[in-house]
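One chain, chain A, links the two complexes that follow: it is found with chain B in the first and with chain C in the second.
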Partner chain A sequence: MTQAEIKLCSLLLQEHFGEIVEKIGVHLIRTGSQPLRVIAHDTGTSLDQVKKALCVLIQHNLVIYQVHKRGVVEYEAQCSRVLRMLRYPRYIYTAKTLYSDTGELIVEELLLNGKMTMSAVVKKVADRLTETMEDGKTMDYAEVSNTFMRLADTHFVQRCPWVPATENSDPGPLPPAPILVISEKDMYLVPKLSLIGKGKRRRSSDEDATGEPKAKRSKHSTDNKEPIPDDGIYWQANLDRFHQHFRDQAIVSAVANRMDQFTFQTQTSSEIVRTMLRMSEITTPSAAPFTQPLSSNEIFRSLPVGYNISKQVLDQYLTLLADDPLEFVGKSGDSGGGMYVINLHKALGSLATATLESVVQERFGSRCARIFRLVLQKKHLEQKQVEDFAMIPAKEAKDMLYKMLSGNFISLQEIPKTPDHAPSRTFYLYTVNILSAARMLLHRCYKSIANLIERRQFETKENKRLLEKSQRVEAIIASMQATGAEEAQLQEIEEMITAPERQQLETLKRNVNKLDASEIQVDETIFLLESYIESTMKRQ
Partner chain B sequence: MADVKVKVQPPDADPVEIENRIIELCHQFPHGITDQVIQNEMPHIEAQQRAVAINRLLSMGQLDLLRSNTGLLYRIKDSQNAGPVSFFLSKMKGSDNQEKLVYQIIEDAGNKGIWSRDIRYKSNLPLTEINKILKNLESKKLIKAVKSVAASKKKVYMLYNLQPDRSVTGGAWYSDQDFESEFVEVLNQQCFKFLQTKAETARESKQNPMIQRNSSFASSHEVWKYICELGISKVELSMEDIETILNTLIYDGKVEMTIIAAKEGTVGSVDGHMKLYRAVNPIIPPTGLVRAPCGLCPVFDDCHEGGEISPSNCIYMTEWLEF
Partner chain C sequence: MAGNKGRGRAAYTFNIEAVGFSRGEKLPDVVLKPPPLFPDTDYKPVPLKAGEGEDYMLALKQELRETMKRMPYYIETPEEKQDIERYSKRYMKVYKEEWIPDWRRLPREMMPRKKCKKGPKSEKAKDTSKGVSLTNTADVLKKIEELEKRGDGEKSDEENEEKEGGKEKSKEGDEEDDDDAAEQEEYDEEEQEEENDYINSYFEDGDDFGADSDDNMDEATY
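Up next is the complex of A and B:
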């Protein structure tokens, strides 16, 4: 765990869960797996608080536990999982695009609560949706359950591992920590629940009050006194599936950018690739370098309704895709009208390379980008050859190469002519090592996000006084509205916030939004680089 | 009767005869003959006479002295090489052998030229002598000095009437040792524009995708013709030059290339294949990291909370937020 990662994790934990959890979490990330008492001793917090913090962390899948020999239970934090918290907005947005508001809220609830039972999720989501609907309409539980089942079918949510039911009646001494198991086929099995009911508003709609004070929350009556039918069956969001979806999205948009500029029916090539990826969603494991071969006939049948291109045209597009220098699609056989695969590893490599090139271009200029791409393609080049191929004057080329060298995008390979490695008698070749450059860039991304979060917190802290004032004013206005005050009084209160202060608030809101959006954008880069590194490491 | 010692003069003892015989032998063995061969042919000639004859032939420039791994070889100088030397000899009857040696070394270097230090190594003459000789030869207009484009201080010498090689002057992209970057830039943009318009017309034509893709390609020959017709270049450009320009476009990420097999007769094909070029778009938009100020920050490594440069007081961020 690099310093940058630890810093970022600490910021995220603090923002989402507070000081104590952050202290425990960071300590675990720094020191690896530790038993309970050691954690309490090293961090200087009371045992009780440590236990509570660990509960929170385990609930959110950020910490796992293991029983070691001699019955000691050790807790280990998962740094990569903590970093996923940055991506929560993206997951929720994806669910929204695929399954509309219902799906969005289900995924949001699951992410915010870590693990939940299905009935709890359905109830909560139905309540939330009902609030946003017009008066008189409510959200039916059945609809929410439907969406939930669809999410489970497409593997976006999965069951958490549980304690297996012990067969023997004699329990014996309880193990210090429960061993959780889950089998592959049970992971997406939705229990047969008959959830009947409708979502409830926070206030029952019989009362005739016009508005509702935000400060007061009326308790909604809980009529389900009966035990929850699926107690013990907990669900969590399946992050790998979301990652697979993002990866598919990236590949489809790359194909669209490259191929669809030249075809009259917009987006056809990318639609075909999207169809192929959709067909391989469930069949191909996420880490495979190639998808399963798909025959052209199958693809033709699976094209979305409304795409009426003839089989011949489809075949032409597939041939074009297979021949393209991008090499995302390959032809693996001729049966069934032609068998095609998508080369996932190559696609991820191209995307990571394009990311590197884009960073070099923005940071150093387009001539440097030319030299960078040149060395990428030719693998190893001497100084003189670089100048010749890139058609850049010698002095400038040298300067640019050294700049990139000190930025660690390019490295030198020495090939000595004599055993004594004398510099005048050695070849120095420039080369690009994509894996190490990707790692370097990834580290920079982590630090950048940490900087952005810090800046956002700083901006908020700077204007804390103003924010508190505006909140007080809002509370006063709301309470006065509830008790039926006049227009003039309301105006007077509103004017407590002067115009420049209002402007300041506006600027603050805009800045915070901008910083937030920028975090998400840098996270996209992180995703591409991490996928590439993971895919390369798996192949080695 | 006194004994008259008669020195039997062996036949063919006449020096000219010996030389002619040697020359004949050389013609018989164009790769060169060793001393041994001459001895076998004319066993009656003494070693001294042989040496004299050979030396005469060498100084007249009709024989070449070479060293092989078996010993010394004598080879007839063929008529082409004999030409300038005799011309040279006629010009400088009085010059010493050193100059001849230097001249020969320079001649051997062909049109790549040779550096003065290399002449010194090959001739084993001291530097002062070399410089004097070179100045002499230059004033007599037999050799000339050409500045090399690779190292601007280095001067290579070659025969006066030879054209310097491309590697020395740099070819079409260099004019007087200066790399013409604007010229290259202009050509770059023109080629790219040509390929772009070709791709656009292909896209507008709305035919089936195969034809569209194929018509969006342009062969290197087409581009070459277009650039020649455009007439922006004072220097005549060959197809290889255009291909180097198109390669720089590939390294810019704006153009992609494929090689197809073409029949020998088709226009623009080289060795049975043609290179086709096509303008393309980048596969991803500028990545997320560069949209944040940290991605482009020059002092990134110095930045940490609580220091002089920190996220809280970062001026780049302040500017960026005010956008």
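Up next is the complex of A and C:
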């Protein structure tokens, strides 16, 4: 794990779980797999604290344990999973766009708690939704359960590995840690529960119009003692499925940007690609380099209902997409009107390359970007050739090439003419190695986010006193409004915050918003680069 | 064979043309320090994406940050005692829900151990033994302490149990037993240390010196 990643993990853990968990987590990330006592000894924290921290980390799927020989249990941290915490808002927002508020809250609860049983999720989400509804209305458990089942069917939530049910005849000593099993076919199996009930408001349910508040209240207090029907079956959010969705979104918008500007009928090509991706969602594993071949007839049948394009037009579009130099869509056969695949690996490669080009352009200027694209296209070029092809004067071209070289976007390839590698008789060619440039950029992204988080924390700490004061004033105003105060009194309280202080608060809010928004966007770049690197490594 | 071709004149070992400089041209200055920490950029960054989705995600992010701090998973660092105890602090405490993990899914060593001394029964139960005791120095030290205590006689019954439990450790109970044994040992030692300044038994069990003072622990042994 690089230093940048470790630093970022440390900041994320500290923000979300506090310093003790951060200390343990970072120690595990740095040193790898370790048993409990060694962790306590090396970090200098008490055993009790270490246990608590590890429980929290295991609950959130950030640390896994393994039993080694002699009964020693070792704990290992998953650094990449810690970095996913940056992407939580994106997961929740995606769930909202696909399954509306109910889905959004389900995914949010699962992400905040790591793992939960289905009944617990349904109850909590129903309560939260009821809070936001108008007085007298409540959210039914059945509706929430339905949404949960739909999420499970489309693989957005999955079951956690579970403890196998052992026969009780075995009286031997218990193992030091349960071995959790998981089977592919059971991973999305929703237990048959009959969850009956409605959400409850947090305040007294006396105003509840249903007329059974007392009965509900007493049942609620005994709820904790009732056996939970799906005890032991825990669910977690399936991040890989979300990633697959993001990848599909990226490909569709890339096609839309490229092809749909020039057609009259907006977004036809992107719709076609979207349909193809949707059809391949379940059939193609997420790491595959290309989707299963789909025939043109199948695609025609699966187009969304509103689209009235004729078969010939569809065929024309498909041919156009297949001939495009970007090679997102490829033709793999002629049966069934033409078999087409989507080249996932190539698509990710193009997206990563586009990111690199854009970074070069924004950092060094458009002439540098021209040189960069030139070297990308021609693969290997000599200094002289670069000047000629790019039509840029020698001095400037040289300067730009060296700037990019020192930024590690471009590298030099030596080709010796003689076996003694004499420099005067060696070719030096400029080339772009996309994989290593992508890795360099990814590393830089991690550093950027760490810087953004630190700056945000600094800004907040600087103005801590002012923030606390404004919170107190707001609390006072809220309580006064609740008890019905006059306008004049409210005015007076509001004036406790002076105008320059208000100004300062405004500036602080604007800065913090900007920093937060930047974090979210850098994370999008991280996603693209990581997907590309992962896809490339899998193919090797 | 190498020899200075130009007799002391500077000459490049490689073809300078290939890298792009023409002969006789002034080469750029050598950089003698690391690049500046906050360099001036010629090109200002592009403005951030703005839109409904981005705004929603921003609000979500800030809300999540606040929510996480109130969840039971956020473990507060124990604060140092302040010099003056503020009255308002009592009323500003945020009451968090207690979270109990599902112990069936976690290794057995995760369960918090109670500090009370265990009765002899439970010690015996742990004696099912397969154990291979681990050879780390902590264990050896504890064994020595236990042997010392045994020599002193007081509470010998329980300590015998503990020792048994300590020696024949079952595989999984290793850390737990150590913990208990350590806590109880420390407790005993502190109690005894308060009474006198000297180490209780300087000699190991079996020596003639120590044997005499077995009965009376209060006196220091030399």
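Here is the rule we use: the second predicted complex is superposed on the first by the 508 of 540 C-alpha atoms of A that agree within 3 Å, B and C clash if a C-alpha of one lies under 4 Å from a C-alpha of the other, contacts with A are read in each partner's own complex, and residues count from 1 in each chain.
The criterion applied here is as follows: a contact is a pair of C-beta atoms (placed from the backbone, for glycine too) under 8 Å apart; a residue touches a chain by one contact, two chains touch by 3 or more.
What you are looking at is a predicted structure, and each value in this text was computed from that prediction instead of being measured.
Undergrad: Once chain A of both complexes is superposed, is A:E414 in touch with chain B (first), chain C (second), both, or neither?
TA: So A:E414 meets neither chain B nor chain C here.
Undergrad: Where does A:K514 make contact in the superposed view: on chain B (first), on chain C (second), on both, or on neither?
TA: After superposing on A, A:K514 lies in contact with both chain B and chain C.
Undergrad: For A:A394, decide between first (touching chain B), second (touching chain C), both and neither.
TA: A:A394 contacts both chain B and chain C.
Undergrad: May I ask you to decide whether A:L326 touches chain B, chain C, both, or neither, giving the answer as first, second, both or neither?
TA: The first partner, chain B, only.
Undergrad: Of the two partner chains, chain B (first) and chain C (second), which one does A:N451 touch, if any: first, second, both, or neither?
TA: Touch status of A:N451: first partner only.
Undergrad: Output check: A:R363 vs chain B and chain C. Expected answer is one of first, second, both, neither. What do you get?
TA: In the superposed model, A:R363 contacts both chain B and chain C.
Undergrad: Quick check for you: in the superposed arrangement, does A:S424 touch first (chain B), second (chain C), both or neither?
TA: In the superposition, A:S424 contacts chain C only.
Undergrad: Just to be sure I follow: which residues of chain A are touched by chain B in one complex and then by chain C in the other one?
TA: Residues 362-363, 384, 394, 514, 518, 520-521, which sit in both footprints.
Undergrad: Considering the complex alone, what residue numbers of chain C touch chain A?
TA: 12-15, 17-21, 41-43, 45-46, 48-49, 53-54, 56-58, 60-62, 64-65, 67-68, 71, 73-77, 101-102, 104-112, 128, 130, 132, 134, 170-172, 174-175, 179
Undergrad: Given the complex with chain A, which residues does chain B contribute to the contact?
TA: 150, 173, 179, 181, 184, 199, 202-203, 206-210, 212-213, 216, 244-245, 247-248, 250-253, 256-258, 280-292, 294-296, 300, 303, 305, 310-312, 314, 317, 321
Undergrad: So in the complex, the part of chain A that touches chain B is made up of which residues?
TA: 250, 253-254, 257-258, 261-264, 268, 313, 316-317, 319-320, 325-326, 350-351, 354-355, 357-359, 361-363, 366, 369-371, 373-374, 377, 384, 389-394, 441, 444-445, 447-448, 450-452, 454-455, 458, 511, 514-515, 518, 520-525, 528
Undergrad: Touching residues of chain A toward chain C in the complex: what are they?
TA: So the residues of chain A in touch with chain C come to 15-21, 36-37, 47-49, 51-56, 58-60, 65, 67, 70-71, 73, 88-90, 92-93, 96-97, 108, 112-114, 163, 173-178, 180, 232, 234, 362-365, 382-384, 394, 397-398, 401, 422-428, 512-514, 516-521.
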